[in-house]
């Protein structure tokens, strides 16, 4: 069993809020992250996949393939986008780092399994101080 | 003559566009940075100040004072904000890294001079790959 | 189950030694870390908390709350301090990265549990090359 | 139970290929990593060891000892070397990050056990975007 | 006058040696960097360009254009290559960081000038500890 | 003319204070950096040297030589030391980043000149947010 990790990056706008709340109520719960005019981040995404090394190639899976998969399923949908308004897999979800990590897991898991490996963790770094990780548990 | 640098960070939304252009024209000039629904960044700001060391303290200026100045004049106005809509010193400017660096220079320069030092450079890092620096030239 | 991590930093002096030893004996065991006149580090602390996402907020716990908890229970006690002489929760312990990580776990665990989450790991990075992690095992 | 991690670095040349393949076949499988004239990397190695804290020293194991062990068993053999041609423990293996991580595990494991600890993970970072980790499973 | 910097990366093999020397003589001058079987690095390249902000776009030059220029003129020629054997602009030069930086300057300078800006510095980071910068002086 | 930079690191304790002041007066001027029981940092030192490339080696100066010079003249004197009490070249100086950078310049300058190059800058990073640079002006 080996684990490999691919890092990808995207830049997006978002806002943390509940639509049924007033701006004041949203500020009380979400602080400055609730700013109605949006803010944004450079998100760093770490996708870790596990499985057996293919003795023929020495790869678990080709990291180039993993990078292309993440770009097709995730980066192309979120990069330079508004996470609240423009991303199908975030529809109806508050775009916290927690929810983003969990949603990206569901975008990637099936294709990783189909390639003979297993998704191990999805980690989303929102700032150098804050990150969330989902492990499919 | 000594140079000291203070790093500060802010997270903001922005969009690169000219209002007199259509979305297609803006995309042709600004690419995905023109997305009408915004995107955003973790901006890292490096402010470098130069001058003589105060023999009494060993400081050029107290870095705590410099940090507070940057927070008062810049960070409090841009952090978790929309750079196109909510920042007085960016009003009427396209919020490229170049324009942000130049505008922050003008926010800080006078107060640094008043403290007996001189502003040397303002550097704005938009991503790990892209940055702009203004030196007052 | 989701995992979130908050990074905090502190700068402190310390010395690795046993008081019943001579300086020569301490040097034989602890090397230059035993310097009787102290040395110090920029410590980076990573606190990881696990639990369920609150569907109302999309948070496991508010990272701002977690940051404030770490500051109250840990950073305010260790930042710009001497870890051997001034920190209640290090009293009687040799301030290795291992012991610091374990002691910080015990400072934080109860309050994290009271907030409906669980402490998962405390990692202390002493230099870019050396770190220790405690998982409550 | 505590975990400590030591980071070490080495710079090496390598090539991903199977000798029974033509250059075209190797390019089809390994892409530009198959370049017959070699390429290279700054590898970053993270070795994590686990066990009980020695109450006498506050150490799991002395990180200086761990560093010297890694240098003797690994770094001295791979630094400024060709991983395909000059490294005994990579003989007959395609030098992917996966295979390097697994081979380094086998170089270190016995000596770590003999010191009263256990090897937990070996992580090899080939670029800022790509890494592999072996956990002895 | 504004300065913008683009970071790009490439991975390459190289060897420092003079062909008229024996291996022993090369080792005496170049140390382990003279290994006849090659070694390699993850090179990080910082290209800084200076000039006036275009008031129409807020750009000095489009960083996407600068990235593509660097890729066309430099990265495509050096990435996953052997700097001694396969790179036209390094022909006959010892591939030290100093010589690489100077050679890349000459690859880029004319095209940057043609775009209405001026090349300011080319910096090549060979490891986290070692870098060279050329300023056209 | 080429510029090369070598990074070195050291860990030290220090305190900012004037001995003729009371603890209260020192706290008013130097804040928590005046803690009488010391604190410390992981200092990162960047030494930049300039001059002509030696056509015989492709080096300005051998970076291994520069590293050894910095270790002999600086690192061996400050690493795991108390900057106020144990470092000859800091004697009688308040160990601010500004004063450390200037003092290290004077430790290195003559030997760099004797090697046929010139010292360009000495930069001392005290934390990820704070640094000072001296250029011999």
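Residue numbering begins at 1 within each chain, and the chains themselves are lettered A, B, C, D, E and F in the order written.
Everything below uses one rule, namely that a contact is a pair of C-beta atoms (placed from the backbone, for glycine too) under 8 Å apart; a residue touches a chain by one contact, two chains touch by 3 or more.
In this text the structure is predicted, and so the values were computed from the model without any measurement.
Looking at chain A and chain C, the chains in contact with each of them are D.
Number of steps on the shortest path from chain D to chain E, with steps defined by chain touch: 1.
The interface with the greater number of C-beta contacts, when C-F is set against A-D, is C-F.
Interface residue usage between chain B and chain F, two copies of one sequence, is largely distinct: under half of the residue numbers at the contact are used by both copies.
If each chain is reduced to the centroid of its CA atoms, chain A and chain F end up 41 Å from each other. Taking each chain's centre as the average of its CA atoms, chain A and chain B sit 28 Å apart. In chain D, the residues that reach two or more other chains under the touch definition are 128. Here the chains touching each other pair up as A-B, A-C, A-D, B-E, B-F, C-D, C-F, D-E, E-F. Chain F makes touch with chain E in their complex at residues 1-8, 53, 56-60, 63-64, 67.
If you check the complex, the residues on chain A that touch chain B are 9, 11-14, 32-33, 35, 37-42, 79-82, 85-86, 127-128. Considering their complex, residues 16, 18, 29-31, 93-99, 101-102, 128-135, 137 of chain E touch chain F.
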